[in-house]
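Taking it in order: structure first as structure tokens, then the write-up.
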Amino acid sequence: MSPTWVQLAYLAAALCFVLALKGLSTPRYARAGNLVGAAGMALAVVTAYVHGAVHNGLLILVAIAAGVAVGIPAARSVKMTAIPQMVALFNGVGGAAAALVALTEFLEVAEGSVLFQVATVLTVLIGSVSFSGSVVTFLKLQEVMTTRPVLLPAGQVVGVAAAVASALLALGVVLTGSGTLLVLLAVAGLALGVLFVLPVGGADVPIAISLLNAFTGLAVAASGYVLANTLLIVAGTLVGASGTILTRLMAQAMGRPLTNILFGAFKTTATAAATGEQRTVRSGTVEDVAILLGYAHSVLVVPGYGLAVAQAQHAARELAQLLEQRGIDVAYGIHPVAGRMPGHMNVLLAEADVPYEHLKELDDVNPGIGSVDVVLVVGANDVVNPGARDEPSSPIYGMPIFDVDRAKAVVFMKRSMRPGFAGVDNTLLYNPKTTLLFGDAKDSLTKLLAAVKQV
Amino acid sequence: MITVRVGVPAESRPAERRVAGLPETVTTLIGAGLTVDVQAGAGRHAHASDAAYRAAGANVVPDHPAGRCEVLVSVQPPTPEQAACLREGDITISFLQPNAEPELVEVLRANGVTSFSLDLLPRVTRAQSADALSSQALVAGYRAVVEATRRLPKFLPMFTTAAGTVPPAKVLILGAGVAGLQAIATARRLGAVVEAYDVRAAAKEEVRSLGAKFLELDLETQGGVYAQAQSEEFLERQRQLIAERVAASDIVITTAAVPGRTAPVLVTNDMLKAMTPGSVVVDLAAESGGNVAASQPGEDTWLGEVLVVGARNMPSTMPVHASRLYARNVTNLLVMMTADGRVAPDLDDEVLAGCCLTHRGELRRELS
Amino acid sequence: MIDLLTIFVLAVFVGFEVVSKVSTILHTPLMSGANAIHGVILVGAILITGRAEHALEVALGLAAVFLATVNVVGGFVVTDRMLEMFKGHRR
Amino acid sequence: MITVRVGVPAESRPAERRVAGLPETVTTLIGAGLTVDVQAGAGRHAHASDAAYRAAGANVVPDHPAGRCEVLVSVQPPTPEQAACLREGDITISFLQPNAEPELVEVLRANGVTSFSLDLLPRVTRAQSADALSSQALVAGYRAVVEATRRLPKFLPMFTTAAGTVPPAKVLILGAGVAGLQAIATARRLGAVVEAYDVRAAAKEEVRSLGAKFLELDLETQGGVYAQAQSEEFLERQRQLIAERVAASDIVITTAAVPGRTAPVLVTNDMLKAMTPGSVVVDLAAESGGNVAASQPGEDTWLGEVLVVGARNMPSTMPVHASRLYARNVTNLLVMMTADGRVAPDLDDEVLAGCCLTHRGELRRELS
Amino acid sequence: MSPTWVQLAYLAAALCFVLALKGLSTPRYARAGNLVGAAGMALAVVTAYVHGAVHNGLLILVAIAAGVAVGIPAARSVKMTAIPQMVALFNGVGGAAAALVALTEFLEVAEGSVLFQVATVLTVLIGSVSFSGSVVTFLKLQEVMTTRPVLLPAGQVVGVAAAVASALLALGVVLTGSGTLLVLLAVAGLALGVLFVLPVGGADVPIAISLLNAFTGLAVAASGYVLANTLLIVAGTLVGASGTILTRLMAQAMGRPLTNILFGAFKTTATAAATGEQRTVRSGTVEDVAILLGYAHSVLVVPGYGLAVAQAQHAARELAQLLEQRGIDVAYGIHPVAGRMPGHMNVLLAEADVPYEHLKELDDVNPGIGSVDVVLVVGANDVVNPGARDEPSSPIYGMPIFDVDRAKAVVFMKRSMRPGFAGVDNTLLYNPKTTLLFGDAKDSLTKLLAAVKQV
Amino acid sequence: MIDLLTIFVLAVFVGFEVVSKVSTILHTPLMSGANAIHGVILVGAILITGRAEHALEVALGLAAVFLATVNVVGGFVVTDRMLEMFKGHRR
């Protein structure tokens, strides 16, 4: 039993972790949450060092220094776009550390209880799965290897075999207490991790990372049992539980059932994106868009025929008003031929009581469009098609458009990937700046309204 | 018991296309135990045929029913000649406009007729269902916008089109009573940008309650209260404000009447000259003197390139619904004085007393 | 041991509840933050190394310390970078 | 280099109050390197004074500019006499209505004039800014409602008042092209209950996109597809449906034109007889044969107690904005064929080729 | 230490309690949650009996039977309106039980650790406060005593004295271990409880009950320390924590800061109600109204001039649409003279695109108004004034009105108690069926919209 | 003891989190349900009575058992009654 002050310090650290997760769940407190977590971590590490580093104190410090020297620059220098693979890597080393800790403790302790051994086995197994799995995801995201699902011949058979082998090895360790078997188990775990992640395809990799993250949490919790350390149990469990939920939420947000991602080995769910040949579109959730809007300074609404079809004029005005109340500049870009009759948008927006001053024309909007944070394209299509400007071969070449592709971000509300009146494909849909929000415009706007209120 | 007979004449005064009874109100009156005589052709402008009246239970009579019925209801008052046929104790209800018709009033008084004028109806809550001034002002306000719109060589709404953007028309309403408010609402519906002005304190909120802009004279500064409504400074500031806003407007509609008096001139010829060519001004007060100096009742006058429309009996331009509302007003008032098939106005009743002009040979109101 | 189990169960609940209403945009930062938190294995690594005596154990322990440290500091720093967008914004 | 001269005549055909150039488009043309001659008084109905044209940089000339300018832009086509003045290579742009004016077309061809007719402009995306059919249909649709409203002896909006409730007017629009859609929008703005019918497949969604009701022929049952548009059953069912809805309407506005052909008769006299007395029918297609059997272009006809308004040049009832849109359309087309102050139409261009009627003595379109 | 199976059973029970609270937080699972809680309780009680009732087994059974015999009929027969006081009573007896348990344990155990003594003291003190406080709230709600705040002369002084005495007694118990002092502490606690609740006024009593409920939870948790029983700790803490949050939520929902309720001793917040002479009005919160609406089957909106002034037509239509989407019948009652010009409401509602079919007149509405669940009076006044129907002396006597006083409930949205156009006081405002929602109509409707979405 | 403290802290979190988003309409039922749950003191009452030897202790213990039972059964039953309104309602 550690002295009371140590335990209290651990408890305080655990508390910090809970608060950290809580903070990280709301935009406003996310940063503070992260800092609280870091503070808790510092407390825990210092406590552990002061109380537990009876031997090897200097070596430990050196190892920590080395870790810092590697970790901080890596984290600092990584490009924003490469952050997911960095997280994967950090997660992997965490899993490896947990496995090593359990392994070492196993070696140190001559004889442990069954529970101790079970916990050890779990830590080593899960830790190595997490490590190798994370490394593979890293390689995928870094595009060192293909991002497409890799289907080994007889992959499933190999997978099942590895799982059975792990189980047997685990049983062996518990029964015999053999260190060799434990090392073999670690190796089996590494294989399992690789097999587990290989079939996951590009877009789903982040979900796999999240799951591996939860795994590492569980490994840490298990190591807490190994070391009889409450802090490790609490923190590991927190991460394990929240990671699991988070994984589910992420899968939901992408509209893919978890099992599909992990085991479906990509039964190409024929989504709308499929019609876009090789080009990919990014479809977002209402919440994504809500946050985009909530943190914008200026928003341009470009309504089109779809707004009329959906009779979404009132909903659009409500959303715009809400944003204005939050101090966001909102204007409507009225294209001369939006809709299906001259002045179609005027009629609708007047009905919804949008003040005339908010209606802007092409010439009012285009010069300053580069500084618009978000353009909300509500059921318009042709009137924002960059092809009319850039592709002389396009049947609509020469029609003036809103240059929304020059704005900082574009949200496209429509029901499908179908083209507009002119029947011409719209390259804006495939622009990386564009987030698609599929669905009836009125529906989407109504949901968006609710979501923005919660941001 | 002989039943009381209500007479509905065909209106004979010029420019009058309404009628004081329609088949539906005939039904109501018969339900109240009365008999109804309708002069042949009374409903022709209101598209109510003699057959329809008959179907509702009325007797269609060939001549003006004055003298052959106990109650005469009409829109315009009877002529002195028609009134001369009325017998002692007969009742007549119409827009009597007593100040304009002293001769007629004298005939009615002398004959001992009990005459009610809807002009005089007290505007209390209970009398609202008989308030023909309101109902006809509703029609007038709506029609003023329709007539102005038709004459304006421009759109009222804004349009952004491939051939450029057309800005919304600017409409100014002077006087925000019932007619003015309705004009505001109608112009706003058509997509115009509307502003309005009135001297009544409550008007500001009322105008805004229709989503229009209220023009304010910046006179509050003097001790926190408005300047005396008739003070010279007030009038001068009002003139300035109106001149400025008239010049900026495509349509001006004036409705500022002062009950029983000549309407104030709010828009002078100089103001009109500053307007964009093609602008339209409708003066609903033209008949009572005119808010617009240049207006002639019943005539379209060009002042430079500005068209001034002097309204004359605006409600008659929409006879079906104007008649419907008026007939119901008159019927409601008549039903108010009827019990068990007998028409017996209780002149202690605030409402009836208020609008009773002559009774038993007495003139109950000062004329001016 | 049952107390530890109770702790485990309660921690599971806390983990579930705390995260269950997070908005999509925070998914990645939250994952990253949680990732940093499980770097707490560093505590375990320090403890075992602190009492390790054989060279092998020391070596393994130090490796664990190193890896865990990378997890911890990298995790927090990366999370903070991700969250910079929420800095200094109105509300 | 001598600059190209663009001539804007005062329109001389009856009932034409628009003008093909306004001071603002004069400025645009001068900006494109052209010179502009405007006939004195050309803008009088559009409230554009000669002084304003001069201020914009135009030369005001006393006579019709044909023969004294290289490009003649007008709303109505020149008369054959005026056209005879045009010289080889001269360009003319107007609503030529070639089928109605074979004689004029022959003069233009024979003289080697390059003539463009806005009737023929291909309705492709790129040509939208010159699409005068659309811009004038916009005006016509709006005005049709204004004219109907003025003639209707009833309110369009619903009113709940102390004198009872007035129900909203029912408006039926036949043909939901540009004019029809605009009529729908305008009537809805005024508070009417609007329904519409069209044979075009896309019309249903378009009508609904304005919040109005679309009338459907229940013919889908036969194998899931619409019956042949001209099949007897289709026509019969269409007649039934229209008859039923016409009878229930206070206002009917017909806009169903078939480009280049006589308009189909959609509303027969029998149908009109079933309407409520006082109802109003506006036939925007009256000039091209009429969708309403009883309509006469430019005349109000009473059929029983139903008023049939045959439109004639509806856009001219609102000359300022109709001219503004038209002038911009014409200017946009002209600018499309102008480079460096030279007007050189590229007849390989789909748009120009589409609306070019005669060129270098050739007739580029079959007349019918 | 109890045997493992007992501890596992307790853990399972604790889990049930967590799930119960979770269930009770969502309408859909509330009933199920309650049942799960009951199941957990049964498990815990049976376990405790089997494992712990070494002596007195039969007596215990008898006591339990007696408790059941009293509790169930009481809970079954109580009228719906009297439920709050019943809950108060149940809470009180729970607190008493906790105090008794701690007291008994104190007597049984010869010598305990300081922690044990502290826990005992807390249990006894909080338990007795909760008991006496609950009894007083019961008496108030049952109207055995006045519901108005009772302000004892020098009440604050007495309160402080009692608190100080309790503190001293508690210290005494911990220092001396004297049972007598503990009993005295219980008495002091009883006094404190009474003093604490007396100044709380009628409408705030439920909040006080909720707080006392949380107190009892804490007492139970403390008793868990006394008995070293994890289940009691977990369950008690759960209730303590959730009760505290709940109390705050309730206070917020009523728009009263907690401190005001407890210590403000009713500084009669000069609300509009004061202008209504002796007659009382009931003003509600947006949430109250939202629930009223959310569970209604038919709603009638009666708009008036205030709707126009607030330009709240769009907001009204949105709310109505939301209710319709939930299957609630919504109609608008359009009075012939609502507003300030004929057809005023028509113009506004047409602008907001309210379908004509939804507009009902006096004659359509009045005959069936008795079956309307909620009438929403939005800025109307004269047109719903029953005086026009009932008081021949009223200046508006004779004007037909909407007989909304015959509907099941009325919600009145206006900014103040000022009369309408006619300048006549409106008796409907004082009708017990009426809930007032003060504020600008557009504001109120917008808030209501958000609140209804959450019901 | 620290483990118990940990349990306490975690339970506080669970209690907070679980309840924090409850809708107004459930305030009273939730309060009542929580009220029933703290009737778990019955377990404590049974335990002390079960090992009580002196008459006084037994009496006190039995009183506690009785009161706690009333709390438990009354609490759950009343809560259930309150929740009947959620039965068979749309949504």
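First chain written, first letter: the chains are A, B, C, D, E and F, and each begins at residue 1.
The rule we apply is simple: contacts are C-beta pairs under 8 Å (C-beta built on N, C-alpha and C of every residue); 3 or more make two chains touch, one makes a residue touch a chain.
Per UniProt, the chains are A, E = NAD(P) transhydrogenase subunit beta; B, C, D, F = proton-translocating NAD(P)(+) transhydrogenase.
The shown structure was predicted, so the numbers you read here are calculated from the model rather than taken from an experiment.
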{"item": "Intersection of the contact lists for chain A and chain D", "value": "B, E"}
{"item": "Contact distance in steps, from chain B to chain F", "value": "2"}
{"item": "Chain D to chain F, fewest steps along touching chains", "value": "2"}
{"item": "Copies chain D and chain B - interface residue numbers shared by over half, same or different", "value": "same"}
{"item": "Selected pair, greater C-beta contact count between A-B and E-F", "value": "E-F"}
{"item": "Inter-chain centre distance, chain D versus chain E - centres from mean C-alpha coordinates, in Å", "value": "68"}
{"item": "Separation of mean Cα positions, chain E and chain A [Å, integer]", "value": "40"}
{"item": "Whole-Å separation of chain centres (CA-atom averages), chain B against chain C", "value": "81"}
{"item": "Junction residues of chain E - those touching two or more other chains", "value": "18, 230, 234, 336-337, 342-343, 347, 350-351, 353"}
{"item": "Chain C: positions in contact with at least two other chains", "value": "3-4, 6-7, 10-11, 13-14, 18, 21"}
{"item": "Numbers and ranges of chain D residues touching at least 2 other chains", "value": "128-129, 134-135, 138, 157, 159, 161-164, 189, 191, 211"}
{"item": "Chain-to-chain touches, reported pairwise for every pair that qualifies", "value": "A-B, A-C, A-D, A-E, A-F, B-D, B-E, C-E, C-F, D-E, E-F"}
{"item": "In the complex with chain E, residue positions of chain B that touch it", "value": "124-126, 128-129, 134-135, 138, 178, 181-182, 185, 189, 202, 205-206, 208-211"}
{"item": "Of chain E, residues touching chain A in the complex", "value": "314, 317-318, 351-353, 450, 453"}
{"item": "Touching residues on chain E, where the partner in the complex is chain F", "value": "10, 13, 17-18, 20-22, 24-28, 30-31, 33-35, 37-38, 41, 44-45, 47-49, 52-57, 59-60, 62-64, 66-68, 70-72, 74-76, 78, 80, 83-84, 86-87, 89-91, 93-94, 96-98, 100-101, 103-105, 107-108, 115, 206, 209-210, 213, 216-217, 219-221, 223-246, 249-250, 253, 285, 287-288, 290-291, 294-295, 326-327, 454-455"}
{"item": "Touching residues on chain E, where the partner in the complex is chain B", "value": "305, 308-309, 311, 336-337, 339-344, 347-348, 350-351, 382, 388, 395-399, 422"}
{"item": "Residues of chain E defined as touching chain D within the complex", "value": "334-338, 342-343, 345-347, 350, 353, 356, 359, 361"}
